[in-house]
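Across the two complexes that follow, chain A remains constant while its partner is chain B and subsequently chain C.
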Partner chain A sequence: MPDEARLAAADQPLVFRPKPERPPPTSSIGVLGWMRANLFSSVSNALLTLLGAYIAIVFFTAIINWALVDAVWEASNRRECLDRVGRAGACWPGVIAWIPNLLYGLYPKDQVWRINIAFLILVAWALPLWLPRVRSKVGIGLSAVLLYPFLASYFFHGGAKDLLWTALIALGMAAFAWVWLTTLSERTTGLPFGAVVARLTGAPEDDEAATRTRARIAYAVLYLVAVGVTTQWSLSEVSTRYWGGLFLTLVISGFGITFSLPAGVMLALGRRSQMPFISLCSTAFIELFRSVPLITILFMFNTMLPLFLPVGVEVNRLVRAIVAVCLFAAAYMAEIVRGGLQAIPRGQYEAASAVGLGFWQSTALVIMPQALRIMIPTIVGNFIGLFKDTTLVSIIGLFDLLSMARAVGEDTTWLGLFLEPFFFITMIYFVFCFLMSQYSLNLERKLGAGQRR
Partner chain B sequence: MSGAAATLAPAATRTGVPAIELIGLNKWFGHFHVLKDIDLQVAEGEKVVVCGPSGSGKSTMIRCVNQLEQQQEGRVVIHGRAFGESAQKDEEIRRDIGMVFQQFNLFPHMTVLENCTFALTWVKHLPKAEAEAIAMSLLERVHIPEQAKKYPLQLSGGQQQRVAIARALCMRPRIMLFDEPTSALDPEMINEVLEVMVELAESGMTMMVVTHEMGFARKVADRVIFMDQGEIVEGAPPEVFFANPRYDRTRLFLSQIL
Partner chain C sequence: MKKSLSLLGAAAVVVAMSGTEVVAQQTLAQVKQRGALNCQVGLPTPGFYALSADGKWSGLDVDMCRAVAAAIFNDPDKVRYQSVTSAVRFTSLANGESDMLSRTTTWTAVRDTQLGLEFAGVNFYDGQGFLVPRASGITSARQLDGATVCVLTGTTTELNLADYFRANNMRLQSVTNENVNVLVETYLGGGCDAYTNDKSGLAARRSAFPNPNDHVILPETISKEPLGPVVRHGDQNWGDIVRWVLYGMIEAEELGVTSKNVDEMLKSDNPNIKRLLGVEGNIGQGMGLTNDFMVRVIKHIGNYGEAYERHVGANTPVGIPRDESLNALWTKGGLMYAMPFR
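Right after this comes the complex of A and B.
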């Protein structure tokens, strides 16, 4: 019958009917399917899986027994720990007694709140960047990078302020106030703070010039108030000699991270520049700093820089270390960014210049966003490396987290207690590095949206 | 010039000055002589199709027109204004020229709409709403307003190329350059792009198109130019060019692609 029908309609084209889709066989999906495919796909793989599981279990039970089960939590010195459990369990009281020093170094105990407050200010400063309905995110981010360091420096160091420092600290305070005023006004009214002030003081909605003038006046008033507060407010001086522990590690790596990215971008652009002089200088800088170990650079800056400076000019030891770390990190970052730039097809530059963009516009708006996006894993990898490399500052006499951990075992009460503090700071380093790497994955996922088919 | 040209081009610009003039153009890549003594005039509203074997210099020539490539000898004059006086004037001249590339070159990190509004916001400094209105009207003109919120890589090749055309048109150019606009496309998508180009030609735009789509050349070109080894071998209206090419080299080329 179908054949007859087909014959009857021989001059009609056949109708193509696609087959319906079927679900995959159950053995290839779900947990069982995954285990079969990945853990037990052959006899040798199954054996390796079991061996790996065995080693992992032995290793982790040993660590947990030492660190938690057999550990001593209360004792007044190391002798007590050894008498109770010997070396089978960890002796945590020494670490606990030293926690303030591990976190803040030798910073005076009654002043530690300044560090905590400065840290909270940073969190509050950056928080609006993750809030929805906030439009001025570029301004908020830039102000955090450019102005927070002045405010934080004063919190950390304190002491007498000259005119320049008063102006800069006030700028930091005004910027912080602006961040939250504009965040609140944008989240409630959808307008930036300046525009809201202009409305409230009676500027007509469609008069852009009047709005701008009133917004400027509002910002000026904000700044003057901040200057007033700054002149009335002072903190006692805490010399950088007393800075240390996790706090110092974060200060050095924070400067290194925030400086190295913009500096690296500029150096990478410089190296690719058509202008021979700029290209030569950038290349020379990058190659010089990349071919010398960080330890050497730290030594050079610490011992030799003062010899070159004019008599009477003294640069603080911490500042010298920070500058050395920043320059070293910038050279590495430059090569990472250059790699990213090379991955962007020439057609992107051409398309940007064909629609009428100049060099800086096409670099900032078309090329860099794409290059940095590709480079996120490498850039964050570099940040993580930098964070850990700051331990090297201990050899020029700064008391970073690692040096403080070593000091625990040199304390007469806890003499010889090295393993526990190292275990503790390992955890701290791990938490920071793991968070950075998770954040980078998160960023990749978010920015990659829509870029894949 | 067709009647439609009068409706698109402002009256003041139709002065008889050629839209594009290439005068004694010579260019080398290293020691390789890519363009040899190119002289070419394209009138306002004229549509010129450039064809030739690969390596003949046709892409380099069209890229010289908006100075993506710079010649070592000769001059490029657009609407009577020569390139090379100052960087700022070059930028201004270039804004009159839109370009569509073989590989689309859309900005992958921006949506289709942002690709189109981008130059309006950053070069012409238009407010967002106005820029979006212009971009939407041009996306409608290339028949894909519904894709405005997507990212380029989510679209088919043909759709991407139409976005690229819309992006170039947003700047209201007086000249459009097309560098092999359909060569990177799957065969079934070539027509949707050519249709848009035909509509554009009918609106009176000055166009220079490097392509092997001879059907398109027959339909819209005022002149077809054949290039080989860095020289313009011959150029003629399509009916003459296809029926009766003067050079053996042209005949050989046509026999290979038709």
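Right after this comes the complex of A and C.
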């Protein structure tokens, strides 16, 4: 390089000036670019894509033709459907006629509103958990798990109430009222319901003792009102023999899911415990229930248990099934939780001890929150499995969703109709399982937001 | 799985039998105290224990439950139906959950002698047959050599089929499933040359085919299937009640007593009718019922012929003609024969 040029350049500082960006080649952007990169990147990929598309088109047109285009929507029996379209199209009137049974089983049709109301109450109970500016979410969640079942049981089963039962139902009602009173007061004033009552009745803002006393009085009044309402209110009895369909599936899996998580946590802690007796018992329980198929456990609980009971004592068939499902699910959950616990580094335990936390505090405040977050995908996977496993109760004579779908094809009016009901319940199972899995993904994103490395 | 379940079931029955003698003696008292009869039926099956879209059970076997309830309570609706799979049917009876089962159960020596059961009679004589497409030109089961046959798994049907083919030196290929509707679909789709099941079910299934007349039921009946209600061993009195309610219904038909004329028949001079309806004698009291128990059964349910025509007769979708079949009265060439009421 000549010297003059170098000197001239030295006058000005050297600055890197990039050339203006050129647009990407048209073949790599847009739909076409995407397709080229992902579907037709090579000859073999292109062939596979075409084959896949062909199969998908054939498959879905066949399904759509069968389920929608050629389907019969109005007929009074299967013969009419067959005479019109043969077996080429679906015969939906049979499924439509059976929808009440598929959803509620043999539950008396004039009482079905009770199930709907109880379901709406559950939705309303859980709704505050997603609302912003609600602080008592732990209390609301716990009350939903612990107290909602009492209220729901009464809606579902009804019948005579003794003293204890009245007290429990009232507790459920009071809890539901509390959930919404707290939600409303926290959203408007930022204070829990008890504190708001205390303010309104004139307790000074800085007097904590007076606030607490008045809040307690408010809760007691709420409970007494609930007891009063409960004693005045009654529903006719609907024996569990009539429960069935989707309703029964949800009851069994609902109990299984809500019971298995806490029980699984306790069992997992028990198995890791230093205390030999507790550890032995937990291990024995887990191994026993995990090494036996669910169907055998159901069978044992259903047919063997009555043999060991005294004459005249009858344990409800549904209760037996629910207990069997709960114990089985708890054993599986315990091993999932134990796996999660093992992923927590030793340092976490030591750090928790170092700041003076005892066993329960360190478990509840340090270990479990971390472990449970890691376990979400597995736990929800297990819940989905449990939801589908409940179909096994059909073997012991409970008419869950699957057995009801089978019954459609045995109804004399709709004899032989079995693809349509199965198609219908496939959709139901898909919706529930998909929602569960989406919720878990959502939860993972939320809880893992600050932890991404 | 089905097989292992049946094994488990058999084991449970054996265990149960050693423990249930206590339960046995007091079935009637328990039923009365409970205020309802626990009657076990099977998974819904047309004609015998059918479940309709409005959630009601009906059928020939259901009428057996209703008849016993009518005899005890004068109310045929005081029945709690228990619908369980065949794998656990005997266990559910043995462990005391069911008071009786009435669900097209074949009376066999093994069941009667080794499972602690007592068959209370026969309310339907069935037999296994074949359904083939008319276009195949087959007119006899003997022509099925080498055929592919669709058969229900886990029942005696499968065994009977194998026995029949072996006895006649024919080659058999079977397609099995535990769901009748799946088998029928396979058969209609050409997956097998013939479909076999108890004849009581064949006609009903055929009626739900797109073109019923394209299929024929072959004349051969390859097995004997006497079906009837079953109770636990050890409570003879309870067995007597179920047995004589069934006989009573058959006897009523023989004597011409129907649900419509039973009130006039109470004034009949025929001593057989008098004893059947409890105007004379005390057959009912001897069993712990009232003497007019058959009046109640006939009023609510009718005689055997009425129940038959209502649920499985030629004018029903199930459509099994009764004339000259095994299920006709003995006076009309059938096997329905009640022991005398005296």
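Worth pointing out:
In this text, the second predicted complex is superposed on the first by the 410 of 453 C-alpha atoms of A that agree within 3 Å, B and C clash if a C-alpha of one lies under 4 Å from a C-alpha of the other, contacts with A are read in each partner's own complex, and residues count from 1 in each chain.
Convention: a residue touches a chain if its C-beta (ideal position, glycine included) is under 8 Å from a C-beta of that chain, and two chains touch if they have at least 3 such contacts.
Nothing here was measured: the structure is a model prediction, and the numbers come from that model.
With both complexes brought onto chain A, simultaneous placement of chain B and chain C is permitted, the two fitting side by side without a clash.
Within the superposed three-chain arrangement, the count of touched residues of chain A is higher for C, of the candidates chain B and chain C.
Residue contacts after overlaying the shared chain place A:R87 against chain C, while chain B stays out of touching range.
Our angle of interest has its tip at the CA centre of chain A and reaches the CA centres of chain B and chain C; in the overlay it is 140°, to the nearest 10.
Once the two complexes are overlaid on the shared chain, A:V355 sits against chain B while remaining clear of chain C.
Of the two partner chains, chain C is the only one touched by A:R406; chain B is not.
Contacts of A:G347 after superposition on the shared chain: chain B is touched, whereas chain C is not. In the superposition on chain A, contact is made by A:T296 with chain C only, not with chain B. Contact with chain B, but none with chain C, is seen for A:Q370 once the two complexes are overlaid on the shared chain.
For the pair chain B and chain C, the model built by superposing on chain A gives 46 Å as the shortest CA-CA distance. In the superposition on chain A, the residues of chain A contacted by chain B and by chain C do not overlap at all.
Interface of chain B with chain A (complex): residues 66, 68, 91, 94-95, 97-99, 101, 103, 105-109, 111, 118-119, 122-123, 150-151, 153-154, 164, 167-168, 170-171. Residue ranges on chain A touching chain B, taken from their complex, read 345, 347-348, 350-358, 361, 365-366, 369-370, 373, 447, 450-453.
Touching chain C in their complex are the following residues of chain A: 78-79, 82, 86-87, 97-98, 100-101, 105-106, 109, 239, 241-242, 295-296, 299, 302-304, 306-308, 311-312, 314, 317, 394-397, 399, 403, 406-407, 409-419.
Listing the residues of chain C that touch chain A in their complex gives 1, 5, 8-9, 12, 15-16, 19-20, 22-23, 26, 30, 33, 43-47, 50-55, 80-85, 87-88, 91-92, 95-97, 179-182, 184-185, 188, 204-205, 207-210, 316-318.
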